[in-house]
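In what comes next, chain A is part of two complexes: it sits with chain B in the first one and with chain C in the second one.
Coming up: the complex of A and B.
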């Protein structure tokens, strides 16, 4: 850690990890409801559990991006954060807004619009948080060195905030409502979040492989081009059956098929950089998360996305467990692993120590990743059976749910494995072994 | 530097003889004219237009009679004229590149202007075609043939518009690499039309 103000990233990383644990806990509870339908039904209805599971995910990922930005911007821009104090106020405001939203959900206060359930005052709070963040980081960027990594990251974060504004527009016509809803949901995860992913991976590769910045930046530009080229019109794959004109099927088919390409480019990029660099970075766990992120994102977002992106297939599969399978592995592979990669990389520097608990962290990696992979398989099988029984043979929805119960049991098992893995990961990142504390204080790394 | 952030150190060569300079290059894109990132865009465009034309041809196999009937309503003369217009503009783009290679900035600007004027003529003819279709009651959702016709030619026309923007920007700063980059994009637009025209208008 070269700059004192990078320390504010610690708030965000710990905050994100706390919400991560809560998200997985609620995931396991939701998975339990799938096999014991009345579990907690009086206390916490399933829709609320699901809301907390998905909202906590989004919030902690965003919190992770904020933390990543506060960590890497000073190093990229070679200057301190414009206002560390503002960054800390921003953190607490975000945390309080998130907590208020969750408490509200438990008491049934929400807008009911999937993923954008936050009541209006919370949404306004999110915008205030975003403005504080963008002001602080943009001022930092403007006064310092401008690199491709920091420019791409900041442009992406600006668009994250701008696209969120569509969450305020909620037309009464359901088709129009959904159309704008995807402006937030799709253009985040298959657009600007991918740019965040590419820029953070580029930062990690520069730092850990020793490859020249110039080379990494060229790859970054190619990944950005491919993402925007495919991802924006790829929105078409959400416009197949919501009442939008039929030509969207043609646009969605062609462009969303190509959305696999940028994810594949990221796999090639990461492995090629590590292979070319040929250096052993001491933080092996961070390297494992970075490489794992590119691979699992390719499978989760790329392969599992392509599986049901063609309209002729999606006609049968949309809204089944196939979607759930894709959603879980895509979020885990692309964005959860990305955050864990930068956390694992940054924490030893932020705490002024040699990389710690690497074995534990890597056990966490393998257990969680295996758990998520198994969950994805079970949900995929459940989805295929469901599609056939429900959409082809025309069985009733609830009768079909009985038929796929076995898969839900296996999914719960996978979820418990994921929970165990997450406990290991969080423990390995947060708890520094006592013995190594004083002995291994390190000096500031030089760029 | 204890903790291994390794930068600006010699890169280990794992049995191969590449120098860091080679690795810093754009690989296969390095020696193409214009900016390499433009070629990433051009290749992406070719994949997309290629996919659309394949889809068009594949759907036609399923409904040859319907496609033939709809195709008769297309204005082949306008399409033919537009082909000549766009090819001519491509020639002007070449002449602009040639001028800038001879350090003739004003000549280059004139040729860029000529390229743009022919691009505008293309768009006017295209617009007249579209208007005639709409007047005849044919729209984006009339038949699969016309959905694909409007999508493919519409996407292409949008690229002509984008190309005009690029030509305009380059005319303000006519460096060699800028002009070559714009010309590369313009030739792509040109070439895509040369593929679109026969597949949609002519093939029986």
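Coming up: the complex of A and C.
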């Protein structure tokens, strides 16, 4: 760690990890309700459990991006953060807003559009938080060195905030509502979030492989070009069946198929850099998370996305457990693993230690990743059976659900494995062993 | 990567291409917006009651169990075509009564069966919610879902 103000990232990393734990806990509860439907049904209905599960995920991922930005911008811009104090105030405001939202959800205070359930005052709070963040980071960027990594990251974060403004637009016409709802949801996760992913991976590759910045940044521009050239019109795959014109089937088929390409490029990029770089970076766990992120994102977002993106297939699979399978692995591979990669990389520097608890962290990696993979397989099987029985044979929804009950048991098992893995990961990141040596000097890799 | 592609060229391709695709996308969504309002949804039947029903749908977060036009949670049946499934096309009064009494009878309390909460909606609210579901079932969705099971 070169710059004192990078320390504010610690708040965000710890806050993100706390919400991560909550997200997984509520996920396991939701998985339990699937097999014991009467569990908590009077006290905490499924819709509230799921709302907390998804919202906690989104908030902790955003919190992780904020933390990552506060960590890497000083190094990229070669200057201190404009106002560390503002960054800390921003953190607490965000954390309080998130906590207030969760408590409100439990008492039935929420809006009703999926993922955008935050009540209006909380939404306004999120915008205020975003503005504080963008002011602080943009001022930092303007006074310092401008690199491709920081440029792409900041463009992405500006668009995250701008696109969120569509959350305030709730037209009376359901079809219009759905169309703009995807402006937030799709253009985030299959658009600008991928830019955040590519730029953070580029940063990690520069730091850990020792490959020349010029090479990495050229790759970065190619990857983010591929992302937006395919991803923007790829929104079409959400416009097949919601009242939008039929031409979206053509556009969605072509462009969302191509959405696999940037994910594949990120796999090639990460492995090629590590192979070419040949530097023996001491933080093996961070390297594992970085490589794992590119691979699992390729499978979860790329392969599992492509599996049901063609309109002739999606006509039958739309809104079945196939979608759930894809959603779980895509979020895990692309964004959960990305955050854990940068956390694992940054924490030893932030705490002035040599990389610590690497074995435990890597056990967490393998257990969680295997758990998520198995969960994805079970949900995929459930979805395929559901598609055939319900969409092809026309069997009643609840009867079909009884037929796939076995898969929900296996999903719960996978979920418990994920929970165990997450406990290991959080433990390995937060609890520094007493024996761990303080870094004798600030070891900053050359570029 | 090829030496012929410089970093600044890659950057310019990124900016230029993004603007190009964004403009196409915005144009197409503008067209789609008009298409929805004028053709695929019955805007003229978007009554106050339907709009009120949409807000009841949102206030009770129905989307976090059910799907609506395939979007939402996957814990409970698709409701975009529930009006059709309940026979609303042939017997609107019958379908309306069945939907209302279904919601009033929840939760079933049956062991081992998924439970829908009791939302304590007034008769007027139930009417509005049914109006919303009926209106939704009449959106032209390119013939989705494939059958009445939803």
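In this section, the second predicted complex is superposed on the first by the 436 of 447 C-alpha atoms of A that agree within 3 Å, B and C clash if a C-alpha of one lies under 4 Å from a C-alpha of the other, contacts with A are read in each partner's own complex, and residues count from 1 in each chain.
Quick note on the criterion: contacts are C-beta pairs under 8 Å (C-beta built on N, C-alpha and C of every residue); 3 or more make two chains touch, one makes a residue touch a chain.
All values derive from a computational prediction rather than experimental measurement.
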item: Which superposed partner A:3 touches (first chain B, second chain C, both, neither); value: neither
item: Chain B versus chain C as contact partner of A:206, first or second or both or neither; value: first
item: Touched partner set for A:232, first chain B, second chain C, both or neither; value: second
item: Which superposed partner A:113 touches (first chain B, second chain C, both, neither); value: second
item: Comparing the two partners chain B and chain C, which touches a greater set of residues in chain A; value: C
item: Partner chain in contact with A:214 - chain B first, chain C second, else both or neither; value: both
item: Contacts of A:222 with chain B and chain C, given as first, second, both or neither; value: both
item: Which of chain B and chain C A:281 touches, first, second, both or neither; value: first
item: Chain B versus chain C as contact partner of A:245, first or second or both or neither; value: both
item: Contacts of A:41 with chain B and chain C, given as first, second, both or neither; value: second
item: Contacts on chain A seen with chain B and repeated with chain C across the two complexes; value: 214-215, 218, 221-222, 225, 229, 245-247, 251
item: Footprint of chain C on chain A - complex, ascending; value: 34, 37-38, 41-42, 45-48, 50-51, 110-114, 117, 148, 170, 172-176, 178-179, 214-215, 217-219, 221-222, 224-225, 228-229, 232-233, 235, 239-249, 251, 315-316, 318-321, 323-324, 390-392, 394-398, 400-401
item: Touching residues on chain C, where the partner in the complex is chain A; value: 1, 5-7, 10-11, 13-14, 17-18, 21-22, 24-25, 28-29, 31-33, 35-37, 40-41, 43, 46, 50-51, 54-55, 57-65, 67-78, 107, 111-115, 117, 132, 135-136, 139-142, 144-150
item: Touch list for chain A against partner chain B, complex; value: 206-215, 218, 221-222, 225-226, 229-230, 245-247, 250-251, 253-255, 257-258, 275-283, 348-349, 354-355, 442-443, 445-447
item: Contact set on chain B toward chain A in their complex; value: 1-9, 11-12, 14, 20, 23-24, 26, 36-37, 40-41, 44, 47-48, 51-52, 55, 140-141, 147-148, 150-151
